[in-house]
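Structure, as structure tokens:
As written, the chain order gives the labels A, B, C and D, with residue 1 at the start of each chain.
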């Protein structure tokens, strides 16, 4: 199981702020994104950065059992 | 530590308190930056804003900015608080306080902090106008994240 | 005018009040600079300071700096207070508050103000150490006043 | 009559913060400085700027009856 967190526009588009899912063949951030995009229209997801366990990672990063993956749309704090 | 130097809060920010966090006998200069909700952006009139954060990571990223500053300006002491939730016009969204023995450092480190906040801290702003709402994307518009990863500064 | 934007006072400076003087709905950024009494300058330990001013001219020169800023950054709003008399370590000697629609202006105009204060405002600092006292001269040490007249900026 | 103001180190060296004097042959700031230096040891006076009626002037500036002349040693505010 991994936990996936959604924020801002993505959260609003999906109507949920997080979900838990089984890895089942998903090994990298890229594969997780593709999986989600298969099921949802989420143009902002492509522009988003990704964090695993609160650290930014690239699309090549491996996801491990128990990880918390967060999609970080372009930030606008400050 | 008596108080948190890097914080996300959902209540009005106490600016005085931020300054007190960095005050010390070695300091000859203290700068504060207050980012406030502006009514107009061009012709567009903002009614109010909503900020959302990935709180635990946002505080971690603020701390990272603190480390970056310590490395670039070892004599600087910095504290940052960002507010989330609904904010009205003129409310303070972010406050940065920096103390340093000399003024140049206090200005430079402070400006560095706000620039980095706009790059790496997972906080998002939603604008509410008369005729709609919108989540605001990267306001810098100049940044290119190869492979979705922000540019690293220093070794962090 | 409800309150004086440029002031020499002989009491502790209310920093909050300075910020309130420049707050407005058009502002998205407010910077404050607080110049404080530092305990050590190199190895030398300061016990306390005394500031003296040519008060009427000093306020006039602070206003001039305000005009210079208005000319360089028309959107900036600035307030400056300098304190005179005896000041202890960590006391605020000068506070500069600048508001502007955008942050770059708020930082730049603020730093410009302190640099100009150190050039043209008739205020003097006397240091009190363990082993003596001294009136401090031009700390910039880089300025040459041909014929005893300060460099003019803008048309003022 | 003109009024002359002294500050900081100059004030301390002279032991007075101001004096009033008759112009009597003094026409410029330079002449006033020379006059004062004849009577007092004041090295800082040479490095000082001068203000007449609260505006900086050069050593060539003429002094007029009723003026307030202030000697401004290098400033150290801020």
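Note that in this section a contact is a pair of C-beta atoms (placed from the backbone, for glycine too) under 8 Å apart; a residue touches a chain by one contact, two chains touch by 3 or more.
As the structure is a computational prediction, the values presented were derived from the model and not from experiment.
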| item | value |
| --- | --- |
| Cα-centroid distance, chain A relative to chain D, in whole angstrom | 73 |
| CA centroid of chain A to CA centroid of chain B, Å | 24 |
| Centroid distance [mean C-alpha coordinates] between chain D and chain B, Å | 49 |
| For chain A, residues that touch 2 or more chains besides their own | none |
| Multi-chain contact sites of chain B, meaning residues that touch two or more partners | 35, 114 |
| Overall pattern in which the protein chains touch one another (line/ring/star/complete/other) | line |
| Pairwise chain contacts under the document criterion | A-B, B-C, C-D |
| Chain D - residues contacting chain C, complex | 5, 7-9, 11-12, 47-51, 54, 56-60, 70, 72-78 |
| Sites on chain B touched by chain C in the complex | 15-16, 19, 23-40, 89-90, 101, 103, 106-107, 110-111, 114 |
| Chain C - residues contacting chain D, complex | 35, 51-54, 56-58, 60, 82, 93-94, 114, 117-126, 135-139, 145, 147-150 |
